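Once you've had a glance at the structure underneath, I'll fire off some questions.
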Amino acid sequence: MEASKKSRSEMVKEISGTNPLKCMKCGKCSASCPSYEKMDIKPHQFVSYVINEDVESLAKCDSLWVCLSCFACVERCPRDVKPGKIVDAARQIVIREKGGSYLVPDEIPELIDEDMPQQLLVSAFRKFRR
Amino acid sequence: MKKIKRENLKQLFDLISSGQRLYIPIKKAGQTNYGIYAADSRVDLDTLKTVKSSKEAFFPQSETLYTVTKENRKIKITQQELEGEDFVLFGVRGCDIKGAQVLDRVFLSSPVDSFYEARRNHGIIVALACSEPEESCFCTTFGVDPTEPEGDVTTWFKGEYLYWKANTEKGERLTALCSELLTDADEAAVEEEKESIKAILSRLPYADLSLESWHGDATNEKFGSELWKELYKPCLACGTCTFVCPTCQCYDLKDYDTGSGVQRYRCWDSCMYSDFTMMAHGNNRTSQMQRFRQRFMHKLVYFPANNDGMYSCVGCGRCVDKCPASTNIVKVIKAFSKEVNSK
Amino acid sequence: MHGIGVFVCHCGSNIAATVDVKKVVEMAKLEPGVVHAEDYQYMCSEAGQEKIAQAIKEKNLSGIVVCSCSPRMHEATFRKCAEKAGLNPYMVEIANLREQCSWIHKDIEEGTEKAVILTRAAIAKVNLNTSLEAGESGVIKRALVIGGGIAGIQTALDIADAGYEVDIVEKTPSIGGKMAQLDKTFPTLDCSACILTPKMVDAAAHEKINLYTYSEVEKVSGFVGDFTVEIRKKARYVNMDKCTGCGVCMEKCPSKKAKSEFNSGLSNRPAIYTPFAQAIPNVPVIDPTQCIKLKTGKCGVCEKFCQAGAIDYKQKDEVITQKYGAIVVATGFEVIKLDNYDEYAYSQSKDVITSLELERIMNAAGPTKGHLERLSDGKPPKNIVFIQCVGSRCAENKGKSYCSKICCMYTAKHAMLIRDKYPDVNVTVFYIDVRTPGKNFDEFYRRAVEEYGVNYVKGQVGKVAPQADGSLLVHGVDLIDGKQLKISADMVVLAAAIEPNPTVRNIATMLTASIDTNNFLTEAHPKLRPVESPTAGVFLSGVCQGPKDIPETVSQAGAAAIKVVGLLAKDKLMTNPCTAKADELLCNGCSACANVCPYGAISYEDKLINDHGIRKTHRVAVVNSALCQGCGACTVACPSGVMDLQGFSNRQIIAEVDAICR
Amino acid sequence: MQELISRLKELLESGSVQRVLGWKKGDFTFNPEPAYFNSAEELSEFVYDGFCGANLSKYMIKASNLEGVTAVLLKPCDTYSFNQLIKEHRVIREKAYIIGIGCKGKLSLDAIKAQGVKGITDIKGAEIDGDCNELKVETLYGEKTVSYKDSMLERCHVCKGKEHMIYDELMLESADTLDADRFTDVEIIENLTSEDKFTYFQRELSKCIRCNACRNVCPACSCRKCVFDSTKFDSEQKANVDPFHESMFHIIRAFHVAGRCTDCGECSRVCPQGIPLHLFNRKFIKDINEYYGVFQAGEDIGQTSPLTDYTLDDMEAEERR
Amino acid sequence: MSLTNEEFRPKIVAFCCNWCSYAGADLAGSSRLSYPADVKIIRVPCSCRVNPMFILRAFEKGADGVIICGCHPGDCHYSTGNYYARRRMTLLFSMLDYVGIERGRTRVEWVSAAEGVKFSQTMNEFVETVRSLGKNVRLGDLRCKN
């Protein structure tokens, strides 16, 4: 049990490509977040959950699906910790664990807007396929 | 005349090597060089030219001459033992045999080099005719007959067989040793092979390479020629040509401290190197042009002048194949004959 | 001929207990070059040293090996002993038989065997030792201080008070630096100008201090004790000798559109100006980019009104060359550019300002005459938000990775001053951490909270959004309450990070002083030599070495000064003779060695080289032995082994290796 | 080709260069040699084709001492070496007029012979103007056709590209020859057991005859006197006295050129015993790329060489793979 | 096998920087922290003085292991020496791995003047590692091996 928990937090780090230990707990992410009020786990807390290897709670929380993936936090984080990507990674884990295919390749070209960050697009897919 | 089937050669090598060392072309890491035969050696007699010539068997790239040890404050000198056992050098081509004759002039004339002499006395040469001469060969220019090289034994490949002819007493002894594997043969096949080789020789690109301009006392005229100033230019001052050459005989003497004593050894040196014959006052040849000139003047002028006209080039063409800058003795010879012709 | 003497010490029983000293002596006698070997109870004692000296004289020894304790202990002792006996001190080698042999081994056979080998190695090495002479070089009794801020001024004053000539080179028209721009100083809240200007006056008046204001260092050559520096004195267009500093020219100048550097660009100044009223020297300069006369040839108003006849439009830059024994870098800092922080709307709203700008606003001599007002509409602000760590403590691609150190304290100061003078104004400080190590610092911060009611909120601001009504909506967070905050402010003050003055790069290059990735100058040792640069004779003062507040800067300035004084007090510099040396006969001039030299001790010259009679000009490396400290980095960078280290030469080390592996 | 010769003539005749450093026809079609041309007439012997493999940057060290300007023909890969030599002050930029010439891959006679060809008297198809697809080989024993690609030097299969890093003018087109990853062989060796690695290198190095061709052709080995020729470390060596010394020589040589070696491949090209010497240099290059960031010597003169540089958090030796 | 690992006494050369590791070795000595006598120390001014030639020379002449000790990164007496040494040794040792020299025969360790314990521990470990590898047969001049 311990091992699988740990592997999930490792997975979050791997998928998001971020190092939660870099966080200096300044809260700029939470200050920037448009969905802050609706979140049960606040953006700056995501990091602690990953550090504490409690992805379990993260996977169950509402914030995962409240996050707009606007990436304001990613953009503004002074330490390059990118909470938005952590949320997205947690989302991915939840979705992966559910199994199944979520997107038909043919749909993709139509959905791509040139100005839209690709990452946002992908996150959005995951979110609405919930 | 004897013969042996190609497929039985391994037995032959096993037999020869059971009683003595057998030096034979062995292919290792993609290249063929002489080496001591062992049961798992990849013998390669098809490659015409080993990278290094067979001179190594008599004049190794490096050899210890004596060892100095210290016992308390006293010094003890132990001479390296001379070669005391017979060995067989197998598959030697005409050019390399001629090369050995050149080296004999150097090492066997007084004062005799005892290390060389001992090896020469104990070496039994099994020569091999060149069935397929190559483009860089020009041994005939130096009077070598690749159709019938002069070893203690001369051999030819023809069809399924290796033909075997003993020429000397040493050769006879070896033939006797191998008698169980050799069968009698007539000379017809060999004669046919010799003709076939001759036909190829006449078609070789360097077949008509002429030494005309090098006869006589050419010292002053050649030494002062302006041509050297151009010819040396591509030369990188490496020692490839000297180390693959069957006749280059220069060596350096050095000491090595093994911790338990000092070994004095000699190793091949190259006149192409900037520190060749370096002395306390400096070097008597200070430019690469001079060093380059020295090599060819030695081979084509100085050596024959002191050795009854014997050139110290045998036309093996190894330097032609191996020079990194594609310069070589043939280009030098040609450049001078062109100059003579244009005069 | 070699004649090596070997002296084996018993060190009482320290060595003799686990090493058969007699055996070591016997074995040493068999080594090549050894003509004398003996043992003694205590080699380092007077009697022991006498034995060594006697043997050196009697046997005419060319080198000695002392088998004793660590060379770190007694190498100097035995070198002195050898020198007294007439042997070059560098012909001494120590075999460490105590710390590295007898003390760690219990078995006498094992200990003796190792002792023999260590002795053998030392003998092998000393056989190749060469006599070395410590070099001497003179010291020019004059120091240069680059930068005329508080760091430079304090360093100069301290050096000058010790009796040495000091020149200060300052690139702006007046000394004073950043401290002159400050209104009040923490933690005492005394007026910055009140404590700085007396020092400026002292410096100007000091007979040993010479000011080169409006000047820049252009070229540096030489080495410790003997630097030659070219200083460019930029044309002021005002004759310093004639000017009385009356200020009429500035009043009358018709070109008044230039931004005042001193007021952080918040007000304008004339083309002929002194940066501030108390400027030293109190002689204006003409800004050639603004002056109508210099640009178009017409005008000449200042000349007309100058009763002293000090205006000189024809003045040219002047380059003076001066020699120095030591150089102090005190180039200070700048506030970072805020281009990467769009979210704080610095470029969008006039009411988002940096703390340095706030200093000017709050200063009585500043653009608003000391009244706290919004720059957009001149109205007094009611709600002020301070944002900490803007650009400090960031990931490397986003800002500065370091803590700027001074921001927590000056923000507390600002907040306190505002609340004191304008109790109606609400002050909120968003912080990540409040860092107040320093005497009376935390007390100061607590006063801001407890006595002055400053609202400290733990959490960084995400965004400042200018509103249509001119207010600023601050999106923040209170991490303690777990609430997102949206505060309507009418002024936002950013604690922007500080960075080394950009000119320091160029100066470091000229001085061959090393610089770190943040452009701070590197100290010779981070702990033990914090005010010295690795380049001998170059010292560091103030923020150029790392973020500092005023008291720290002043103490470092004093420390740098005492280092300079220590250097200048010497008549001769003895140089370590174990320095690198290039064999110019074979040097390729490839620059590999210079690339790794931490001291800039290697330069290149085209030299005529005689190679066994062949003369050719080659580019060869030349080591300045006064600068070289003997680390040996160059010797390994050199592929042909041409660069060697005296005292630890390639062949010496090889000989040791051989002796050990034998 | 004609265009190139005309241009060279023009340069010589106008006096803007004093000589041309290029290749002269050999006595076979496949053995041209590096040569200087001092006049337009001498250019009648000029050649540039698939057999002109030599990296002429090395020759520019000496040419920098000659009077006047030398026009030098440099292939794209040679220009890296030239840049590196500028950085090391071994050539003088102003003394060279660099004609960046195109390259369609250089040929290896050994590679041709390895395809079972013996007694070669003539080879056609290596002309730079041609399409360089096929070589027609005339031999004493008949005619053969071999593919150009299979006959290329190893280095051309891992070509650094068609771009010249430094030049005064460009002539002739290049072809893409890259079809392999240059670190594949290094990786294969890295994955062997320690013992197999040792056996592999022992076999290869046992062939070494210490002719110094690799060193003398190497543009990075430009020392006035090599450590192995000098007494600086008591390391003077000649010929193969002990197998150790071959390892020592090649490891130290590779170390000395680490961070400076442009991977021009000349060492492997000239080795008379066909030792893949580039495997030493590439190991260092691969390690440098992995440990300190991708670095290509000779690409940018301003860049610090990885061995004269450091970062505070460099990897520790014990953390190596 | 006539030589068991118990009996095998490796030759170990340790290059120690004068300012840190050599002092660390002295401290190990004055604290009587033992390590095998197989280790012989060569004093160099800085780890950056260690030339690859020295290391190969040691192996040539019969050393079984070579260890380089210097100041901890950031603590170099000359500021930058050990940074250069670190790169050089990383690359050199990686090359030695590559040509088939057993990895355990080379080592770099940072030992400060205060780390007598670490010095002794490091040497104990290193000697043990080399001892387990046995005699160095792959690198070295055969003439030196009698």
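Which chain is which? They are A, B, C, D and E, in the order written, and residues in each are numbered from 1.
Everything below uses one rule, namely that contacts are C-beta pairs under 8 Å (C-beta built on N, C-alpha and C of every residue); 3 or more make two chains touch, one makes a residue touch a chain.
The structure presented is a predicted model; accordingly, all values stated were derived computationally and were not measured.
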Field: Assembly fragments, chain A aside and the remaining chains unmoved
entry: one piece
- prompt: For the chain pairs C-D and B-C, which is connected through the larger number of C-beta pairs in contact?
  reply: C-D
Task: Averaging only over C-alpha atoms, locate the centres of chain D and chain E and give their separation in whole Å.
output: 36
Statement: chain A to chain E, mean C-alpha position gap in Å, rounds to 48
- request: Give, as an integer number of Å, the spacing between the C-alpha centres of chain D and chain B.
  value: 30
- line: For chain A, residue numbers touching 2 or more other chains are none
Statement: Note: chain C residues in touch with at least two other chains are 596, 637, 641, 650, 654, 658, 661-662
Statement: Touching at least 2 other chains, the residues of chain E are 51-53, 57, 61-62, 74, 80, 84, 88, 141, 143-144
- prompt: Using the touch rule from the top of the page, what pairs of chains touch, sorted by label?
  reply: A-C, B-C, B-D, B-E, C-D, C-E, D-E
Message: Which residues of chain C touch chain A once you look at their complex with the stated criterion?
response: 343, 389, 393-395, 397-399, 432-433, 458-463, 475-477, 479, 482, 484-485
Message: Using the touch definition from the top, list the residues of chain C that touch chain D in their complex.
response: 583, 586-592, 595-596, 604, 618-619, 637, 639-642, 644, 650-651, 654
- request: Can you check the complex and tell me which residues of chain D touch chain B?
  value: 26-28, 31-36, 54, 58, 109, 118-121, 139-141, 203-204, 206-207, 209-213, 215-217, 225, 229, 236, 238-241, 269-270, 272-275
Query: Along chain B, where are the residues that touch chain D in the complex?
result: 28-31, 33, 48, 51-52, 61-62, 132-135, 200, 203-205, 230, 233-234, 236-240, 242-244, 252, 254, 256, 265, 267-270, 273-275, 320-322, 324-327, 330-331, 334
Touching residues (chain side chain A, partner chain C) in the complex: 22, 24-33, 36-37, 42, 44, 72-73, 76-80
